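Since the structure comes first, as structure tokens, the remarks are kept for the end.
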Amino acid sequence: MTDYSVKELMACWLARDLVDGEFAAVGANFPIPRAAVLLAHFTHGPNMTVGMGAFKVCLDNVDQVMTLKYFTDFRPMRWAESASYFPLDLFGFHKMDVFYVSGIQIDAYGNTNLIGIAGEGGQYKFRGPGSIGTTTLAAVARRYYIVAEHHTPRLFVEKCSKISALGFGDGTPGLRKKLCLPGGGPKYCITPLCVFDFHPETSRMRVHSLHPGVSPEQVVADTGFEVEIPAKVMETKPPTDVELSVLRNRVDPEGALRT
Amino acid sequence: MTDYSVKELMACWLARDLVDGEFAAVGANFPIPRAAVLLAHFTHGPNMTVGMGAFKVCLDNVDQVMTLKYFTDFRPMRWAESASYFPLDLFGFHKMDVFYVSGIQIDAYGNTNLIGIAGEGGQYKFRGPGSIGTTTLAAVARRYYIVAEHHTPRLFVEKCSKISALGFGDGTPGLRKKLCLPGGGPKYCITPLCVFDFHPETSRMRVHSLHPGVSPEQVVADTGFEVEIPAKVMETKPPTDVELSVLRNRVDPEGALRT
Amino acid sequence: MERKSVIVDEAAALDKIQDGMTIALGGFITAQHAMGIIRGLAGRRIKGLTVIGSLSASLEVDLLVGCGCVRRLISAYVGAEAAAPIGPFFKKAAESGQIDIWECDEIIIAAMLHATAAGVPFFPVRGGLGTALPELNKDLKEFRDPIHNEPLLAVPAMPIHVAITHANCADRYGNVQYTGNAFADGLIHRAADTTITTVERIVSPEEIRRDPFKTAYNAQTIVRMPYGSHPYSCHGLYVEDHDHLTQYATAAYMSTKGDHSAWDEYLKRFIDTPEDHLAYLEQVGVRTLFSLNEF
Amino acid sequence: MERKSVIVDEAAALDKIQDGMTIALGGFITAQHAMGIIRGLAGRRIKGLTVIGSLSASLEVDLLVGCGCVRRLISAYVGAEAAAPIGPFFKKAAESGQIDIWECDEIIIAAMLHATAAGVPFFPVRGGLGTALPELNKDLKEFRDPIHNEPLLAVPAMPIHVAITHANCADRYGNVQYTGNAFADGLIHRAADTTITTVERIVSPEEIRRDPFKTAYNAQTIVRMPYGSHPYSCHGLYVEDHDHLTQYATAAYMSTKGDHSAWDEYLKRFIDTPEDHLAYLEQVGVRTLFSLNEF
């Protein structure tokens, strides 16, 4: 089996959870989900609608995709079937199948924070960049994934200082339904150490699988909230040779995920 | 002075009340306002935004404009600076300066009816074609004109059976303001006999001017509501030679208004 | 794995529309109606439809009313301007109470579609206050806005099973492009669960990608139907068939007055006998079709 | 009577923007900002602006914050992705409470613009319920929809004095066309009282009329500014000047940490010394400008 980086592992794992025909968008500066969507499109999703920057593209005849530094990059225009600029219309979000979220804090109930961390007297001790589109998309997209490029106790906290995208709130059963949010909420959270899912009753994160070579103790040590680890925990299935080959040759020729 | 038809008189009178720079739309199958807008554009409104079918056109270099049978006619495309399809966006209506309304009934307070006339047991004895865009435009356009191609007691009634476009309701002072409608309501109503304006206190129609040769008695006889005729009533100013020349040569070469 | 084509034939498209569904028809007044599908529904005498004739409709809706397909009608206008100030069957059905009418104007119907497309339960509008609309249409609720306490009308969202549109071209993957105005077609596409689009021409995906900004939406079902909007216009290709519309309007009007002969003849010739869209076009005739050149 | 041109020079356009106004900036993140005007406002040290950086903004907003122009900020994001995860002056001003932030995401800001453009007092959205947004932004009101009693968030309309956008071309009558995406520029145009658009090229009215479907809106004021979006991109012409953005981000970051030398140098060279947009481009240099070719 070929050697692989943990980012490649994360991308391959996320790709497998995408279904042909789904509608998924690829952001810029969020390389793991980008790779996951493109990999799924190339391996088993020819009928996926792929949002790339401000376009919907189909890449069936495309050998290699360039990496974009900026979301608004015009170059995917060459593969575009239509132009797409969602926030403008208020439209179609609830028809989005899948979406990816990150944050400066991620809490035990899958809430995320891009706003900031409160300090003294109502001010911020750390201000984040802003919610982008996550507040609404987390509310309405059919499902979403939380993707963390690091796994530290400062990132994974018991409670977000400010919630910008609602996961399962404080864990109140049926909270999302009570708020009439059409989206199902976060399905998984993937980190460099493990995959979390959400306990169906408590809505708290628990370990779904550990990446190869990662111990339960390491996850406990690096997570800022008390985390449930089932007795029999799976190992995250590593990338196959085929996946790695498509990933490296067509999706990520520049090797952004290899380090 | 050249001879003219009453429709030509109506178009010329309406044209004079349009100001350069205003935004006015030209419907199909509503030939008098159409002629008024185009005439104003040619004579004193080079900076008007003229909505013609689904386009915004500028006709400064256009010798003659064809008459359209159907609103959706694609041919004004040849003069278009932009495509325009208002209802789609819910936008910009409150920025529309001027609009023209007709009806199967027009009442003493400038309300109009395109819906129908109630019969027995909640049914219609006469069903109209529907409100088109008049309900909202009458609420929000800065001002509007009611244009009647006929003047009969059946058309001009004390109270509309069903109001599709609100003028001044039942005359309650400040009604439009109370309903927070941004538009000023109907400014004038023009008919083949006269121009009506609205009494500033009662909001009822009263004769503003009589067309040349029309007697006050004729207006009273042909109006279904009690109409105020001021002691010193003006005569509607007839078309000038210049107006008629532009109207006949550039706006209405086919003579739709001449009969 | 291969990418799937979404092109189907006429019968397969018609099979997607069943009794009792809510359908939204594209185009605007006398432009761009998917007449191949609409005539098919009339021919099959589909029953109990809720029909959204967006935003203002023409005699395509009148035809569905005349053939008994319509239970509930949502449109700001039903007529053909110079050719017919009002749809005759629509008028009669409205007067007899045979159909329910969701009373609205174009902006209220647009607000309903916007709410549906955006996935919110309602949209607020100003037009309609002080008119007969809230009395005639119980779905419209007067309320006070929660911020400034201003009076408004709440227009509810409405689930729509199928949008049915006509456009100039599409590729086999359902990317639809128009030469002229798409009117509210993109909006009803987004509001509906699925979209059937008839097109004048199928073009290559490469042709579509030449100007992706021209793509109006991606339809789930494409049917090729040249002159598919006849007797209505298709921007960039052909104008309304004024004589045909007049023939329809006259026959329908006479039928509502008790003289059914012309209408029965129309129905037989243009709706019931032709086994498909091309058979209909044969009835219309090449000479007539090619007389409708736009400019 | 003759039709008037709406083309003005840079100074005349800048004179339209005064202390305390609410302005909405076009483009999206690192694309298509009217930098000629924005740099002009920074250079004039205009005060007390409410700035809408729609829908997500970049360092053009950070520059205005850094020059003390901003009282209140409305944007879903302030950063430059790979070149700067967050605007440094924005971060510092937010942490020190120097500016008010109208907390939102892209869809909430879009709802605010839609409400303003449509002339209704508010628009309803679902996103934001259960988050910190209603607590942080007192303008957002939780309410129950009047039809189904579902919980929603009301996003109020907000009067906007001037929209400031950058596009590829316009004619002398203000008809604006884009080669690429216009993002929310059409929306802020409709929401604002008046629009100033800087364009790469003035084209003939005939050129505009060649494809009226490409006209995004009609601006009240046009200023010719080639490379007017630099250091941001303009679709179809040039990409972001990544090095310039990095230079800005580094200088600004150091300044927020107390070392002002690089920022003072940046400010002097690019904001305060150049007497107009072309003088700024001379500072950037022809070699750099022409290195930004898109493909």
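Letters A, B, C and D name the chains as they come in the text, with residue numbers starting at 1 for each one.
One rule holds for everything that comes next: contacts are C-beta pairs under 8 Å (C-beta built on N, C-alpha and C of every residue); 3 or more make two chains touch, one makes a residue touch a chain.
This is a predicted model, so every value here is computed, not measured.
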Fewest touching-chain hops separating chain B from chain C: 1
Computed distance of Cα centres, chain B from chain A, in Å: 57
Computed distance of Cα centres, chain D from chain C, in Å: 40
Sites on chain B at which at least two other chains make contact: 77, 83, 89-90, 93, 140, 182
Where chain D touches two or more other chains at once, by residue number: 114, 119, 123, 125-126, 150, 152, 213
Touch-based graph of the chains, sorted into line, ring, star, complete or other: other
Chain-to-chain touches, reported pairwise for every pair that qualifies: A-C, A-D, B-C, B-D, C-D
Touch list for chain C against partner chain A, complex: 1-4, 114, 117-119, 171, 173, 175, 190, 205, 208-209, 212-213, 215, 217-218
In the complex with chain C, residue positions of chain A that touch it: 20, 44-47, 49, 55-56, 58, 60, 77, 79-83, 89-95, 140, 182
Chain C contact footprint on chain D (complex, rising order): 119-126, 139, 141, 143, 145-148, 150, 152, 154, 156, 213-214
Interface residues, chain C side, partner chain B - complex: 28-32, 55-56, 75-83, 85-87, 90-91, 94-97, 103-111, 114, 123, 125-133, 136, 150-152, 180-181, 183-184, 187, 233, 235-236, 239-240, 242, 294-295
Residues on chain B engaged by chain C in the complex (per definition of touch): 28-29, 54, 69-75, 77, 83, 85, 87-90, 93, 113, 115-116, 119, 122-140, 162-166, 169, 175-176, 178-182
